[in-house]
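Look for chain A in each of the two complexes below; its partner is chain B in the first and chain C in the second.
And then the complex of A and B:
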């Protein structure tokens, strides 16, 4: 069976520093996958390469059998780690913008979710709090009928209530035909919804597996495994 | 759902077209609506000239002396007298004309500033991740923005040229047909009255052709330098590319000055230069932007 994501020996460096150093993994459909790793492990670089924003130095990245390009951008909904809808735009304008750019954007779904959160079309992005912006951004990107959702640190710097909303939104969007890849440090909050985890370290896959299997194998929660694998000691991580 | 997903995909060129329409809409106020509105004073002046010419023919006024004002007030209507007053008594450059010229300059500058700001925002700003992650190839994205900037710039340039011609020159009614004069002062004195003028179409197209050539030239250099930078990824290449961009823009601006072309043109030529720089700067963040 063809995998949705196939990455082989992916390398990318910035000014001599290796951000991705021979990363290889594959993902099937119908999964929520956690991309876990310490700061600078290469999570954001990996997502940006997959989203077609950064080029690779070498290796292969295939999404649904296609090399990264305009075609794969149509299959991926990438939620960056910063807010892309800034300024004095109204929510209504942003919804129209998304509709025009992405033909798979489900306007009704977005509007229903926004209404549920008590947002109005006239509300301006500039007047919103950080948490509200995170909610709006997530709702808009998750309202696409994409095959692969790339969520870069969606839980960072948001309050517990917003985290809960984000997790609920991910679950409501997720289906058998798509896969959600979430990069996060906040493992505890998402652990229960993850089907699989990929732990990356120094630009390559350190550990990958089904969450249930890993829990059974290590006799610990994913959060505990993560802490053990990335435990920091003075001068670097313990495992280095 | 997967079939629906595939069927729903827009192809790149359609998306490029939609982006082009979005950009045109973005610039519609400065690039289309305001330039057209600013043509209104010129149109009003031309209407007045035609009415003035009819009065001249009616009363046999010698326009070379601009003596319509000497006519017996009893003979002419108050409306006719008002038109004569407007066209024979006003200054060579009345406040209205000055105001319109200033407004046009302002609109063109604002348009250029907005286009530059938009390019920066799209390729370099916080929402570049959204713009560049669109299912559209980067050349199409780039070209659609280029076309939108070109179309709105062309309309603005054309309107300003037409406005200039109609402020400086004017329509003349000779009793049977309309002629375009190359020069009519606001005192009712004509110059080169035998010379017909064709709305400066040629000069507008000349300017625009140079504008297009410059864009395409820089676009090609950008593409080549982008490839080189991707291959070598050295700061030296970035520095070389910046120097080339500045030198190229300066050369064009200088050549324009030598040809005594429109003053606003150098500003328009800064767009590709800035865009080029923006593209180079983007290498460090989202290098996939380079075509």
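And then the complex of A and C:
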């Protein structure tokens, strides 16, 4: 069967610094996958390349069998780690905007979710807290009928109640016909919802596996494995 | 019994144990329909695929049966339920005795402690 995501030897540098240094992995459909890595590991660069927002230097990125381009952009819903609707005045305006831009946008679903959160169409974006903005943005992008959702640090800087809502939104959107890739450096928040994890380090894949298999193999939680794997310093420790 | 995931064991095993205890204590009554995988996954805050895996194991163990018309049903097999209850209870008892041994209590003292604890609970 054709994989939903196939990445081979992907490279991307910024001014000589290698952000992605020969990254390779593949992902199937119907999975929630954690992209785990410290800040600067290459998580955002990878997602931006996959979303078609950043060019690659070399290597290949195939989504549903197609190289990155107009075709794949329609299959992917990318939720950046910053707020993108700053210039809009009201929620209703943003909903209209989403509908106009994305043909797969499910307005009814978005409105139902926003209502659940007690947001109204008249509510002004500028009056919202950081956590509220994060919720609105996630709801809007998760209301697309995409095959691949790329969520960049969706749980950074949100309070525990918001975190729970975000987790529930991810679980309710996720299904057999899509895959959700979540980047984070706080593993504990997402450990229970992940089918698989990809740990990245210095721009390449350090470890990939199914979460329950890894827990069984290491006899540790993913959070503990992550901490162990990232504790040592590159280039040798002080004692050796 | 709430969903709790603290141990480093695979999540599907921890889910499985919680569901079994819920069946044994009647939260999910025998012969009745279990909630759907999606409902249970959302309630527990876990991946539906992981919940599905726990449910499949439940079926393999004979504790649940999938019925084409009415979904997944808790077994009505009294013998099986009794046997599983004994297994889980024995496991808990072993753990208790182990801990008491680590504290340096004799088996006799440990057993006496159970009566004492029960009296205190009343």
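The rule we apply is simple: the second predicted complex is superposed on the first by the 230 of 240 C-alpha atoms of A that agree within 3 Å, B and C clash if a C-alpha of one lies under 4 Å from a C-alpha of the other, contacts with A are read in each partner's own complex, and residues count from 1 in each chain.
Just so we're on the same page, a residue touches a chain if its C-beta (ideal position, glycine included) is under 8 Å from a C-beta of that chain, and two chains touch if they have at least 3 such contacts.
This structure is a prediction, so every number in the text was calculated from the model and none was measured.
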- Query: Sharing chain A, do chain B and chain C clash or fit in the superposition?
  - Reply: fit
- Task: Would you sort A:116 into first (chain B), second (chain C), both or neither based on which partner it touches?
- Result: neither
- Message: Once chain A of both complexes is superposed, is A:48 in touch with chain B (first), chain C (second), both, or neither?
- Response: first
- Task: Using the touch definition from the top, say if A:78 reaches chain B (first), chain C (second), both or neither.
- Result: first
- Query: Touching A:101 in the superposition: chain B (first), chain C (second), both, neither?
  - Reply: first
- Determine, under the contact definition given at the top, whether A:177 touches first (chain B), second (chain C), both, or neither. first
- Message: Between chain B and chain C, what opening angle does the Cα centre of chain A see in the overlaid model, nearest 10 degrees?
- Response: 150
- Considering only touches as defined above, state whether A:130 meets chain B (first), chain C (second), both or neither. neither
- Query: Taking the superposed arrangement, what is the smallest distance in Å from a C-alpha atom of chain B to one of chain C?
  - Reply: 17
- Query: Intersection of chain A residues contacting chain B with those contacting chain C?
  - Reply: none
- Message: Taking the touch rule as given, give the residues of chain A at its contact with chain B in the complex, in rising order.
- Response: 14, 48, 51-55, 69-71, 73-76, 78, 80, 82-86, 97, 100-104, 145-147, 175, 177-178
- Message: Which residues of chain B touch chain A once you look at their complex with the stated criterion?
- Response: 1-2, 4-5, 8-10, 12, 15, 18-19, 22, 126-127, 129-130, 132-137, 140, 230, 284, 286-289
- Footprint of chain C on chain A - complex, ascending: 30-32, 164, 167-168, 171-172, 174, 191-195, 211-213, 215-216, 218-221, 224
- Message: If we count contacts the way the header does, which residues on chain C are in touch with chain A in the complex?
- Response: 5, 8-12, 41-42, 44-50, 53
